[in-house]
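Should a chain be cited, it is by its letter among A, B, C and D, assigned in written order, with residues numbered from 1 in that chain.
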Amino acid sequence: MDTDFFLAWFAGMAELIRLRRDHLTELDAAIGDADHGTNLDRGFAEVRQALAEWPPTSPEQVLLSASNTLIRRVGGASGPLYGTAFRQMGKALDAPVTPAGFAAAFEAGVRAVARLGKAAPGDKTMLDALAPASRALTQAVQEGVEVREAFERAARAAEEGALATIPLLARKGRASYLGERSIGHEDPGAASSALIMAALASVES
Amino acid sequence: MDTDFFLAWFAGMAELIRLRRDHLTELDAAIGDADHGTNLDRGFAEVRQALAEWPPTSPEQVLLSASNTLIRRVGGASGPLYGTAFRQMGKALDAPVTPAGFAAAFEAGVRAVARLGKAAPGDKTMLDALAPASRALTQAVQEGVEVREAFERAARAAEEGALATIPLLARKGRASYLGERSIGHEDPGAASSALIMAALASVES
Amino acid sequence: MKKLINAADSVVEDALAGLAAAHPALRVRNRVVHRADAPRPGKVALVSGGGSGHEPLHAGFVGHGMLDAACPGEIFTSPVPDQIIDATQAVDGGAGVLHIVKNYTGDVLNFEMAAELVEDVEVASVLVDDDVAVQDSLYTAGRRGTGATLFVEKIAGALAEEGAPLAEVARVAREVNERSRSFGIALTSCTTPAAGRPTFDLPPGEVELGIGIHGEPGRTRVPLAPARELVAVAMAAIHGDLPLRDDLLVLVNGMGATPLIELYVVFAEVEAIVRGKGARVARSLVGNYVTSLDMQGFSVTVCRLDATLTRLWDAPVETPALRWGR
Amino acid sequence: MKKLINAADSVVEDALAGLAAAHPALRVRNRVVHRADAPRPGKVALVSGGGSGHEPLHAGFVGHGMLDAACPGEIFTSPVPDQIIDATQAVDGGAGVLHIVKNYTGDVLNFEMAAELVEDVEVASVLVDDDVAVQDSLYTAGRRGTGATLFVEKIAGALAEEGAPLAEVARVAREVNERSRSFGIALTSCTTPAAGRPTFDLPPGEVELGIGIHGEPGRTRVPLAPARELVAVAMAAIHGDLPLRDDLLVLVNGMGATPLIELYVVFAEVEAIVRGKGARVARSLVGNYVTSLDMQGFSVTVCRLDATLTRLWDAPVETPALRWGR
């Protein structure tokens, strides 16, 4: 996986998020403050722009540039969380990027989210999509399946994890303020994490 | 026409205005500030109460008591206008009250409204009901018809006058602020004046 | 209709109880709100009043450097003469009382009656009629009094505080009115507690131009447009009547339910237009000050300042809604 | 949705332009609003910030005796670290900077990142979490910061103005937060410009109990009731968490589109309950101060005063939204 692969991943994220912007905002309206789609769309559009203006020369640079933009431009909870995820993933990445290296770096990113957000799976956050995605990816790589297949499994796990947040009672983020009323709604951050993984599975390689 | 007649007249007004309160307020909502029914209902209920608490001993006292209450308790444009009408009518009334005396006193009250409001018939105000009512009453009395029939003619003239305000462009009161848009709506004060005359025609004698 | 009230017919009473509880420097009794330190011997006293539903106008402007008393009527209904007489007598300090009256038939009639009936007090009266949306004509009720009321009350109040005589306070009050113009635009109607539903229906996507402060519809209805265009309409109406020149005092006023963030968006456009005309916003106020219950929308009021008016505007004021300098 | 804006994505920018034009004592650049006279050598500086849509919070509280700078984010979106770093460096007068942070994940994370990255400035931080509608637990995001933010900013600002050192200003800021509790009730949702329709649907005849300031739904939905009953619910929630005793500072706060007349009706009920508990409203504020765009509703915030806090509350303040004593 080279620099272009990572660039394509971020291009895919930006596109999917733009497409699903209003849906993400609606999810956030139900149990949050109706800005998740707007926040991420603004952020990922700028990520793309920054990557175009200062073309990175390594996968690590792609991730660090994206992290920078997300942290510096998004605000809210998701900006620092996704920004930190990509930063830690970038730092953990060894060149050249192997499937196992990718999976381990991704896991480092997910751990960073948990640390920063003081959250655990089951709290009804993006972690409920990211953590199963990471597990599925690591396992698929250990099983030695094709990388494409591994990414697809991760995307499926993320999607399932996002849907599995519906019955959960939120313990972190704004949804936690609703108490019992947070039950019955998909977490917007988990939904956007599923999009990030879907973009990974769709990168043409 | 004795004191009881005048008491019955005010009792009738209070009842009719209570019945039509929301309608009067709706008329005022269209071209004014949506308080005419509430204002008059509050005022005429208090007129009745004051008349019960301090029973007047002459027609003039009935009118002056009502005038006092209306001026002191209603506020807005209609409080002073109706209050002044009844005050001047009371002052112009000679005992015993004959049909001709009634008509002349009523005319004095209507003139007082025009003077205080600096308004003329055609301005789309209560005068557009009161002035034709007064004319009809005077004429009927001159023709020597039965008093009951005279009051009925006055009431009909008031009702027609009120409806005839619909196509008018308002030149006085709040409706004047609407300019052309005041056209097409019945003036609330004209409508309440028609109720006052209807109450007159319904007094059991 | 959803309102934070106990009952439609106790709103004014209940709100006055809250006002009294919140502001120990005020006294509230029999529908008169006055300064606790009134009467102030030798000082001209200022009394205003009008229908309720325009808060903070007028009771929120009672205090040092502004009104001595306010007479709140029922919702959108002018006060009755008794209230005005009470207020006038309660605050007269021997130097006379100025009645500040917004030009509405009801307000004018009730203040006139009170002025005639009040005993042993010298009373002068100033009529506020700043709303350019209404055509001024001898044959009509004339223009409405809206945002300029605040300017008149503040500036005349400061002059009275300085010890000026009644005739002078009245003269300057009239001058402020003559130098002021307003125009208002509504995004929604308002709902009076008694009526329980909006005074007029305003479909999504439309606004009313030239509205007053009683929920009455405006002169015309046009499609909703960006703030920049709506402000241009308002400013053109004002400028057409009183050219924008030199130093201006500008009020960007919300109609009661207008979020402050929107009023600042409006103010930016107003200031740009003023600058474009070569004039200058020398003093300004942005907020919900002369309101129409829960109406959304704004009005702009402009007053052409001179050195004296500027000094009086800057003078200390201490009321529930306007406070500076002490 | 009808709003007085030019475009959904320029609201914050346009409003800041208006703020700058209206208040010459402020400077606005790069999404930082700061006192024109900053930095003030030797004075501890106060920086706050958060999503926009809560006006006048925070930018309306920048000025003498309160904040030195505010960082407005996008609507309901916390500011980014760069803004906070800029603001912190712009206003530091060598005595250090206090960050006043409302307890929301986004605000906390962005302020933390900024505090880590800022160079050569001593930074302390206070978290505001006064909303009793939210259960406080180690395992959740904890309570939200709402109305008490105003108290913390005012009182800590006064102390900083007196020349107290950073640790002392931070200590008192935390004390104010610990002594404060809030509860909010919404009659309507709000509409963010970007979403274009109400964040939640609230049928006629129902209200949301325990709402925050971001248009998020509350803990429960109940039938609309008279103000007296709604206030009783709010006060019971507060009293259950922090008994109402002795001298209280009380904020009756509108959510952005609440007419002042209704807030005074609410205040009367609040004051009656406080009195009924044998406590006293020693200081109060009634108005739309910590808002949620065009939401209708109210919140009550109560702070238990002592002599020092009362003195600091009374100290002069000169900001767009709060001004007294100068």
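The rule is short, and it goes like this: contacts are C-beta pairs under 8 Å (C-beta built on N, C-alpha and C of every residue); 3 or more make two chains touch, one makes a residue touch a chain.
The chain lineup, named per UniProt: A, B = Dihydroxyacetone kinase subunit L; C, D = Dihydroxyacetone kinase subunit DhaK.
Remember, predicted model here, so these are calculated numbers, not experimental data.
Shared contact partners of chain B and chain C are absent. For this pair, chain A with chain B, the centres built from the Cα atoms lie 74 Å apart.
We define each chain's centre as the mean of its Cα atoms; on that basis chain B and chain D are separated by 54 Å. Chain C and chain D have Cα centroids separated by 29 Å. Not a single residue in chain D touches at least two other chains. Along chain B, no residue makes contact with two or more other chains.
Taken pairwise by the contact criterion, the protein chains link up end to end in a single open path, with no chain closing the loop. Pairs of chains that satisfy the touch definition comprise A-D, B-C, C-D.
Those residues of chain D that touch chain C in the complex are listed here as 1-7, 11-12, 14-19, 21-22, 52-53, 55-56, 60, 187-188, 204-205, 207, 224, 226-228, 230, 256-269, 271, 281, 284, 286, 288, 291, 293-294, 296-298, 318, 320, 323-326. Chain B makes touch with chain C in their complex at residues 25-26, 29-35, 38-39, 42, 71-81, 116-117, 171-174, 176-179, 181.
Within the complex formed with chain B, the chain C residues making contact are 51, 73-82, 104-106, 109-110, 113, 133-135, 139-141, 144, 192, 194-195, 199-200, 212, 214-220.
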